[in-house]
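Heads up, the thing below is written out as structure tokens.
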Amino acid sequence: MNDLIVTIANVTGSGLRQAVPLILVAMGGLMAERSGTVDIGLEGKLLLSAFAGAAVASLSGSVSLAVLAAVLTSVVFSMLHGFATISQKGDHVVSGLAINVLASGLTLVLGQAWFQKGGQTPLLPDELRFKPIVFPGVEAVRGVPVIGPIYEKIISGHHVFTYVAIASVFLTAFLLYRTRLGLRIRAVGEEPNAVDTAGLSVIGLRYLALVFTGVMCGLAGVALSMAQNGGFVREMSANMGYMALAAVIFGKWRPWPAFWACFLFGLLGALSGSLQGVPMFGLPEIPSQIFNALPYVLTIVLLASFVGKAVAPKAIGRPYVKER
Amino acid sequence: ACGDKAPKKDAAATDAPKTEAKADAAGGPAIIFDAGGKFDKSFNESGYNGAEMFKKETGKSYLDFELKNPAELEGVLRKMAQRGGNPIVTMGFNSGEALNKVAAELPKSNFVIIDSEVKQPNVKSVQFREEEGSFLVGALAAMASKSGKVGFIGGMDIPVIRKFSCGFEQGAKHINAKAEVIKNTVGTTGDAWNNPTKGGELAKAQFDRGVDVVFAAAGGTGNGVYQAAKDGKKYAIGVDSNQNYLFPGTMLTSMVKRVDNAVLAAFKESAAGSFKAGSVSMGLAEDGVDWADDEHNKALVNDEMRIKVNAIKKDIIDGKIKITCDGK
Amino acid sequence: MSDSHDAQPAGPYAVELKRINKRFGAVWANKDIDLSVPKATIHGIIGENGAGKSTLMSVLYGFYEADSGDVVIDGEKVKMTNSTHAIAHGVGMVHQHFMLVETLSALENILLGAESSWSLDASKAKARQKLEAISQKFGLEVPLDEPVGELAVGVQQRVEILKALYRQAKILILDEPTGVLTPQEADQLFDVLRDLRTQGVTVLIITHKLREIMDVTDNVSVMRGGKMVAHRKTANTNAEELAELMVGRPVAKDLPKGNLDQSQVYLSVRDLSYTDGKGIKRLKSISFDLHAGEIVGLAGVSGNGQTELLKILSGEMRGTSGMIDFVADGKPAYTCQTWPNPKQLRAVGVAHIPEDRIGQGLLKNFTMQESAILGYHHDASLGSKFSLMVKKVRDSALALIKAFDVRPNLPEIRSANMSGGNQQKLIIAREMARQPKVLLVGQPTRGVDIGAIELIYKELVKARDAGAAILVVSVELDEVLTLSDRILVMNQGQITGELKGDEADPRTIGMLMASSEAMKG
Amino acid sequence: MSDKKNSQALPIWLTGFAIPVVQLVLAFGLASLLVLSIGQSPLEVLSVLFRGAFNFDTGLPFTLFNATSLIFTGLAVLVAFHAGLFNIGGEGQAYFAGLGVALVCLWLGPYLPAPLVFLVAIVAALIFGGFYGFIPGLLQAKRGAHVVVTTIMLNYIMFAFMDFVMRFWLGKGESTDSENFAESSILPRLSEMLPFLGFDDTPLNFAFFFALVTAAFVWWLIWRSRLGYEIRVVGQNPQAAGYAGISVSRTIIISMMISGALAGLMAVNMVYGAQGRLSLSFTSGIGFMGIAVALMGRNHPVGVVLAALLFGALAQGGSEMQFDLPDISPEFNVVIQGLIIFFVAALDGLIRKPIETLYQKKGSA
């Protein structure tokens, strides 16, 4: 029994960790999309900031500089996206795609030029990484059934970005629903005309939302290359940006449901990992492909059976021009 | 100029001279890396090291190419031949069929394929008995393991990787019949070789299930595995190149696969005009695979272990220990 | 009565516009416009579709920046390049097309841009109090916490007005505020405007309904073709003169109709009921017949089931129970479930002019000629089995353009770039072109100027005289009275009254409609 | 979209040719700066890229070959886009179609005459690809499951499925490729069809012409057919579709099927044409690049063909760069692609508008 709980706690903890970059990116993407900007470039920003963080960390030896560089890089590309879509009224998907392509090229070209390791950065020493935080009392409660494993594996023992990610959901929900800025952002994604005639700047609000997106992707990148891993590896974002976007849609563009979608993706990933190789149904070996497909199959089943129709913010992807 | 059995006789016949004419222009050995890229810290990088060794030893340069996607291979092989590449080494498990086709069309060029077998008169196939090396590191893993549980993480579910996991498992069981081997596969696309995050999580999941030594054969994904092992104070085993230096104190050993030697040898043979086609199988006996024993893991491998592993190695070479892994 | 300018009304002025010019590409929407509006008066602005009224008001509101000219407020020349400036100078505007965020609550909509603090909750609490006071003062009740999208248009209108009042607008612009209101709602609105006037607020109101101008305004200005052509004191003018000033020619008043045999039933509806997704009964056992050669007017306060009835009859939506018999097709009566879809219905002669022309009747990004075949895109005359032939599509559009004087005469123009009135004409032309046996019409003249109204009425009567059975749903009592041979009044999903067209009078119908209002309240 | 009306007045050579060229020049200009920053000569890079992509020996045919696949996947994205759907699933759809083509070639190839194999293989590609587009279409239409999410998920499911297929079923021995098809069941190459061109040794095959024909067909489908009209109505305004009696869900399903089928044709070029066998991950991102191609091509088939040629040329020129400029990392080419997408497509207005106004001013002066 306790074994089962320990296993569940392990899988949940792992799911949470795997969800961390997803959550951060999803919150960023959610803010962009709620303000009316489609952001398919999340993937690229994640990759770029992961690279910027690891690269600056190993060049400068300073964690804070690295975080700053990662966030700045991501914000700069976010602004580039804003310039193309908001100011120049370009196509949102194209611009996002361009950023993704640029990201996968730039990280490798620059990485190769700076470190000559085929696009990898050097491995980061421990002092340049964010290590898991062990909460006080883990030892003490370890033996306690149920509470022990939950405390040790789910609540404690994560690197700081896990907590940052969860806080970011609170923050996003708070910003969006409890502040006037949030009201304005929600409005500008639905009906920019209404925002404009209310004497507010449509463009300003959308840029502001994109700054938030940039910061979030930047933090996610740091989490990836400096907390979960110790350095940058080519294409290490591994489509997490797209998964985060899927989570935003899955969560119908709302922070908490999007968070749960990310968590679900993480959990299913963890589950598929820990189920592999466990003898089941009396079969000697279940092909690993089944486990690899499992999270995606379950996602579709859930989406098709419970979630129902998702309605995007009305003005999403459309440039704002004053016309009827 | 082309063999009669070649199906596309006309087309091949007209182009063969052209190819050869150009072949005189540049020349020199050539190597084609697969999508992992030449700095993947393991398989490709090992081949790259071999080519670099050749350059250093002979002062001669070589041609190289990184495939962006496997579909390019045929074209690149032809182009390498046109540019006078000789021999042309192609890396990776999934180049076999393409080479099979191209080699038949270009009988005057010589090819070397690593990790796959192509039966053509102008192709040398170098395959490694990864299961033998993996057997050794499996045995070491079982010796180092306190829990009796060891883990394996492979990039994709492909034949080569299965030879690793199969040998590893048998090696572990050789030391400890009750040893449990937990196996994971990272993914189903090429991304699986570049996903350290997933690798790290799979490793952590294995640690949670009691594993205390993990062996990764997953290219760049391995970085995440080793990092997780270091963070979790477990042992990890590197692959292809000697990766012991990455995390001294964590890296128990590495299953080295001397692709570098194979490439170097092929280049040299050709330079000396003594290219030999046919299949070559490189195992412990041929120094094709081995376990890495150096100053970085000195602290982790004690004399008793070392003696035992070397004894097993000898037994395998002598045929006293039989490893049966077919890759399927 | 001449076209010559009356003098502008005497000051002091709340608003003065001086030599305003505004061009959109080749279109000169406003040309050297002068306008002076005395303080605390209600000033009407009228003009044909596309005359430039909305543009002028948007300039005053800073939504558009004028190419040249000055905006003077309370005697002070102000910079007006942005709605912020307008709001700061006490200008509020209710736009022709509502500027509301449908997913937000009424309160949030009102609050947007005028929040009192960074905290939404605090702002809301404060606003709620203030709004209660305003609502009471003017009798403008709205459910503050419901999403605006779920409110009836009349209520949305109130939200828009509250938005302006909440910002303490001293100058209130209303662009066609009554286009979507019932006469009762419009009267309520006018009471509010009069109240505002006594509080010192200056009101500018655009409308196509001359009755309303005569009813509520102190002064009126007339625009035509981007220019200001006349100013009048309302007391010194009348509807006929204004109509002529607008259109530039006299407008016919009466509508001659032929006497026809109206004995043949074309469409027969029996016990039709509809329950919506939320379980609310929208239609309760509706039964009526539609005869060849008759126009039946369906009167009623909007939201009493007319929209649903039209959608079900046109095949766009399925009823819950009941029978519909399209007599002319010779087939037995259909149940709600077997009633064909709109495409099939059009093919057998049941056409539909939708209430919501921009939302449904055409496609903004399609060319005019593409919009002109919507619903008929399977017509055999337009090409072969699978393909549409551009030339045939274009020819069919040109035929419509000719028949209904649709402007501009350019089938390749983007539908969104046509004026509202011309969009409406195109849709009506399309639906009438194939001589349907049954024609279902929703709000045929909403937002359309009197010149176009005249044409649309004539065409509807022409179709009737040719033997079509026509059902006209309208919230305009005048319209129903003018057009109908027979009038049905709808009330809470039921037909509560039936009157002969020539016997009906506004009072009786109004009472039938009002009673339903009372029941609702 | 709103500037369409304005651009009608402008000559096509300006809007369709001169402006894109300026944009390209700008993108390459920026790339040149990058080249300079890593100490290489931009001129040399450009000339290698250009020669590599267009030399008649191997460059041009490879460029056309690359373009062929991109045309198919670009058209796939285009069709879905006109129905208001964003099909990210081209990768999975093409992959599955590859299985269909391979099964036909492996099973029937040895027995049927080549023209028949050709037909059946194409039909198989259409059916398999179409089926894999049908699933997300159905889920969207009937269950409201967003296509963007489902197509991403379905890609991964297909990767796993095909992994399984190659591992346990079609994989030959220790390789991850299937058996080679019989010689008679491989699409003829251009070098065989038109030997005088001399495109020897290149995988360019008949599928290229087929792609052009398909592009023409898609143009007809979207702008000239009754079905296309319905697709565009649904994509623009579902309410209007309801009013017009067009079934939104049916149209969504059909569009996704067509989209999937078009993506599937990519397998005809790769599996049936170039490789003559089914290999693991043969789609290698081309399905995904179709998005960029469609959007760069302004969702018009002619644009798609041009954009596909551009990307095809870049890929080919880039691989040539590896041979001739070994000091520049091969990923540099990816950076150039990104810059081009950004300047030619995303920042379109930045360059287009000033040029257009300049032109108009000159014209009126």
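Labels A, B, C and D are assigned to the chains in the order they are written; within every chain, residues are numbered from 1.
We adopt the following convention: contacts are C-beta pairs under 8 Å (C-beta built on N, C-alpha and C of every residue); 3 or more make two chains touch, one makes a residue touch a chain.
Worth saying up front: this structure is predicted, and the values here are computed from it rather than measured.
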Of A-D and A-B, whichever chain pair has more C-beta contact pairs: A-D
Where chain A and chain D are represented by their mean Cα positions, the distance between them in whole Å: 29
Euclidean distance of C-alpha centroids - chain A vs chain B, Å: 34
Cα-centroid distance, chain B relative to chain D, in whole angstrom: 34
Whole-Å gap separating chain B and chain C, where each centre is the average of the chain's CA atoms: 75
Multi-partner residues of chain D (at least 2 other chains): 156, 159-160, 163, 167
Junction residues of chain B - those touching two or more other chains: 157, 187-188
Pairs of chains in contact (touch as defined earlier), listed by label: A-B, A-C, A-D, B-D, C-D
Footprint of chain C on chain D - complex, ascending: 1, 4-6, 8, 220, 224-227, 229-230, 232-233, 236-237, 239-240, 242-247
Chain D residues touching chain A - in the complex, by the definition given at the top: 2, 34, 38, 86, 88, 139, 143-146, 148-150, 152-154, 156-157, 159-161, 163-164, 167-168, 291-292, 295-296, 329, 331-339, 341-342, 345-350
Contact footprint of chain B on chain A as seen in their complex: 6-7, 10-11, 14, 17-18, 21, 117-120, 123, 131-132, 153, 224, 228-231, 233-236, 238-240, 269-270, 273-274, 276-277, 287-289, 291-293
Chain A-facing residues of chain B, complex: 37-41, 45, 157, 182-185, 187-188, 191, 194-198, 200-202, 204-205, 208-209, 220, 223-224, 227, 231, 246-247
Chain C partner contacts - residues on chain A that touch it in the complex: 177-184, 186-187, 190-191, 193-200, 314, 322-324
